[in-house]
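Okay, so here's the structure we're looking at.
Chains: A, B and C, in written order; residue numbering restarts at 1 for each.
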Amino acid sequence: MAVKPFTRQPKLFRTLEPYLYLAPATLFLIVVFFYPIVQVIRLSFMQMEAVGGPIVSLGNYQLVFEDPVFWRGVKNNGELLLTVPIMTVLGLILAILLFERVVGWKIYRTMIFMPSILAVPTVGLAFVYLLGMNGILNTLLRGIGLGAITREWIGNATWVIPAIGLVIIYREVGFGVILFLARLMSLDQEILEAAEIDGANWWQKHTYVTIPQLGAVIEFFVIVEFITMLSWVFGYVYTMTSGGPSFASTVMEFYIWKHAFAFRTPGMAAAVAVILLIITTVFIFLQLRIRHQRLD
Amino acid sequence: MNFRKTPFSPGKIFATLLKLIPLVGFSIIAAYPVYYMVVTSFKTRIDWLNNQFGLPSKISFDNFIAAASQGRMLIWFRNSMIVTILSIVISTLFAALAAFAVARMRFRGRQFYLNMMISLMVIPPAVLIVPLFGIMVTANLINTFQGLIFIYVGLLLPFSIYLLVSFFRGLPVELFDAAAIDGCSSFGTLTRIVIPLSAPALVTLVVVNTLWVWNELLIALIFLQSDELKTLMPGISLFKGRFNNNEPLVLTGAFLASLPMILLYLAGQRFFVQGMVAGAVK
Amino acid sequence: MKTTALRLMTLLLVLTFLVSACAKATNVTPGAFPVEAKPTATQGMPTAAPPEEKIELTVWYWGDPDAPGADKWLAETADKYMAMKPNLKITIVTQDGSTLFSALQTAASSNSGPDIASQWATGPVLSFVWSNALVPVSDFVPADELKHWLNLNENTYNGKVWGASLYIVGVYFIYNKDMFQTAGVTPPGPNERWSWDQFMAACEKLKASGVVPFALGDSDGYGGAWFFSTLGMQGLDSTDELRQAVIGKASFKDAKYTGFYKLLDDMVKKGYLNSDVMSIQHAQAFVRVSQGTAAMQWGIDGVIKQTLKDMDPAKVGVMRVPKWGTGKMADYGDATQSTSYLITKWSKHPQEAADFIAFWHSQERLNAWYAATGVVPADDRFDINLVTDPVMKQVITWNITGTQVWLENWIPGQVDGDGDLPAGQLIFSQGGTPDAAADIWERAADSWRKQNPKELENWTNWQQ
């Protein structure tokens, strides 16, 4: 929808005006996004013991691909992706239950959403103690006679990623619940009531009517969480495990940070950054694709 | 919202109970870590060793005092406040300007600009840190508030612009026509008409962005190294290493770092909720 | 409802502003020594010369975990020094052990940061020397002062001393004499040292008597790393032999480098350790003997002193780490300056920084150091007779007698972080075999060599 030109001003000004409005924001975007993206691609091809070293073309990529720690990071990011279905199902169930307005639902909603506003370091630190050998989880397990299962959830190479996944689910489910609930509240009630009149029970009603109605939001949530699992989990790893024990919980972001700042190999960090960027871009395309399909 | 009241019958009561179990259960799980942190903050270490999960046997403020003096939490708190407020003010200002142009002015590449914002929203900061570090070193802005704020503003812009464009586009066209007829300049329209009407969207934006900046870890960790300038999140993530034999202190620090946001949330839940939902529900 | 919410939020914002306005930048830990009154003209002294340029020194300090009380001592030292030099402002920033190396790396990359930095001796210090981040301490401290400082050989390169020593600490096992007695274990005599077999036999007896034989914390990797330095050293003849593996002329998979992981694995499998090894950090295990929850644990001077304070000193025993290896270094001691204090290249006041460090070695400060920490200062002018406690005396005698090598100092920081620490964690988290642990070492060294060709050159040319 076009605006009637502000006729009192000279034409040149009118043509330039939008750019003036865009200028400050665009300046920041160039410095913080565009230039760095170009630069990180360039840097990934350079040997960087000192800044601005010689070009080694694919040397850094080769080092990265030969490094089992990198692949462990990729594998861990991948394993974290598996938490997304759990989050989604859990979020859906809770949202639907909240939607049914059982007594006290507003309180539950407040409590369920709270983890999402807690900072990652806060959640991470709390769970280090909660999941420790004598933390609440193990204590409860011992209490119900499952003492044999107890272990150091975060100190164990096999269980550390599932443990971190648990913490992530804890924090992200609230977001899903709110999303789904908001959408549910704006749904057409008649469809649901029609289903009930037709004799659908609770389970059928929601499986065949409610959930399909939520399709778009579910897809949105899943894509957002997939991207989160790939590129927004640094905080958890840094606070809880520093990538340990023995690399068991390293992830791509952590690998980048470590190589850029703990070791002096920013070329490799840049290479992994580019890889991460490519993977993220693929997911963005997927999201746009799905959105456009949905709109049709 | 209409909701059929269900008659009281054993079947219905049972169904309600069934629904309550997961809700109450998950609410307890969600709240437990916060409860744990709060309760631990008021315990001395010995108390905590003896009784990890219950209420404190005697209320002690030692941890709070230690957090402020040894842990420097007050300083970090001040730093987080400075960084957050400045980043939000600047980014919201520039986002409003840009969004106004995209939403209401004609220029080439308008849709492209908007699509660009959507794409930038999902770029992980981890990708940008290496070159950003180089830029900041060259500009001598490492370990300064200005450097960090600059980066935060940049990172906040795509989402902010996107959100405001959605909102501005929803404003009725007649408003602008009327303003134009009255001879209002575009800037005047923006300041006198659009902004006041956008109050709910702006508040939502500010709330969501505040949460993001306050909770941010990776960038603050890299670009603010000196202990005097650190913000809360990098500060407390090192608590575990510094005070490893004083677990209650670590948990107190963790809790205090999130407390401001918890309070804000409890005071103005709807804005947080709206913010999270914005852009997803069409 | 909306306005109430907004009002509440505004109120919260105002409150937080008020709170943050109260935040003052404090110097360091509480209990700092009160500043002495500055002399004024009325006290009969000459009017002060025109005020000199205000000089600020930032010190990134790490030392307290090795020597509890160090932070307080340094704060006191800084206050005294500032009283003597009114134009000087010293800011002390306590460092975190887990980021000690990386934080200085980041500072070096940005060419800005502290004037005085702390860093692990030898290998890590040298990496900063080679990356041109430091100036030699020996350039700024007069030779006749420097000659009294101990263990400077740990940081000497190309004829210059690059790091100042402050204290010497040694690593030993602390044990509970009562628990030993109950289990029927005879500890080694004053000049004896257990063999590994004797140690394992003792663990078996202790376990049978119902106590945790050895308490270890390895969630941060350092508990395991101490085994490398003390046990790993025993398979080698010299630090130069270690260097061969670092530069690639030998392989870490060779038993002489990593054979000791079999011993550790044995300990784990036989259940001689606490159940929460991977949930607690290295330093968290330091209180286990004094808490009565374990019979043995790692100890370093400061920890030993603290344990003597926290429990009945008559029950506290110390012993040298058991001997298993047959290399020449098997008989060497496990003491080191641990942390070295460096002057950075970007510092605008290297001379003032050096002067401050020299002040640490003044007689009164050395005595104050010992009184505060119980750790022997790295200075031959310190009077050993000031040490009265028999246990500490034994420890200090061990520390300064004979050749001492702390092996962890003799590998590059990256190999330590990516090899040493994870290898130990692999064994203690039961995530792999001793062979896999050796693999981690070899891979870490290999990656370091490939990723740091310039540093590799330096290591190759470095004669030890």
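Going forward, contacts are C-beta pairs under 8 Å (C-beta built on N, C-alpha and C of every residue); 3 or more make two chains touch, one makes a residue touch a chain.
These numbers were taken from a predicted model, which means no experiment stands behind them.
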{"item": "Overall pattern in which the protein chains touch one another (line/ring/star/complete/other)", "value": "complete"}
{"item": "Interface ranked first by C-beta contact pairs", "value": "A-B"}
{"item": "Where chain B and chain C are represented by their mean Cα positions, the distance between them in whole Å", "value": "38"}
{"item": "Inter-centroid spacing, chain C versus chain A (mean Cα positions, whole Å)", "value": "38"}
{"item": "Length of the line joining the C-alpha centres of chain A and chain B, rounded to whole Å", "value": "15"}
{"item": "Residues within chain A bordering two or more other chains", "value": "134-135, 261"}
{"item": "Residues of chain C engaged with two or more neighbouring chains", "value": "98, 106, 109, 220"}
{"item": "Of all residues in chain B, the ones touching two or more other chains", "value": "133, 222, 240"}
{"item": "Partner chain B, residues of chain C touching it in the complex", "value": "5-6, 8-9, 12, 16-17, 19-26, 29-30, 58, 91, 93-94, 96-99, 103, 106-107, 109-113, 220, 281, 283-284, 286-287"}
{"item": "Parts of chain B lying in touch with chain C, wherever the complex brings them together", "value": "69-70, 72, 74-75, 77-78, 81, 133, 136-137, 142-143, 203, 222, 225-228, 238, 240-242, 244-245, 260, 263-264, 267-268, 270-271"}
{"item": "Sites on chain A touched by chain B in the complex", "value": "1-9, 15, 17-19, 21-22, 24-26, 28-29, 31-33, 35-37, 39-40, 43, 51, 90, 93-94, 97-98, 100-103, 105, 107-108, 110-130, 134-136, 139, 170, 173-175, 178-179, 182-183, 185-186, 189, 193, 202, 216-217, 220-221, 227, 230-232, 234-235, 238-239, 252-253, 256-257, 260-261, 266, 269-270, 273-274, 276-277, 280, 283-284, 288"}
{"item": "Complex contacts: residues of chain B adjacent to chain A", "value": "1-4, 15-16, 19-20, 22-24, 26-27, 29-34, 36-37, 52-53, 93-95, 97-98, 100-102, 104-107, 110, 113, 118-120, 122-124, 126-135, 150-151, 153-155, 157-158, 161, 169, 173, 176-177, 180, 183-186, 211, 214-215, 217-218, 221-222, 232-233, 236-237, 239-240, 247, 250-251, 253-255, 257-258, 261-262, 265-266, 269, 272-273, 276-277, 280-282"}
{"item": "Of chain C, residues touching chain A in the complex", "value": "98, 101-102, 105-106, 109, 131, 218-221, 275-280, 413-414, 417-418, 421-423, 425-426, 428-432, 440, 443, 447, 450-455"}
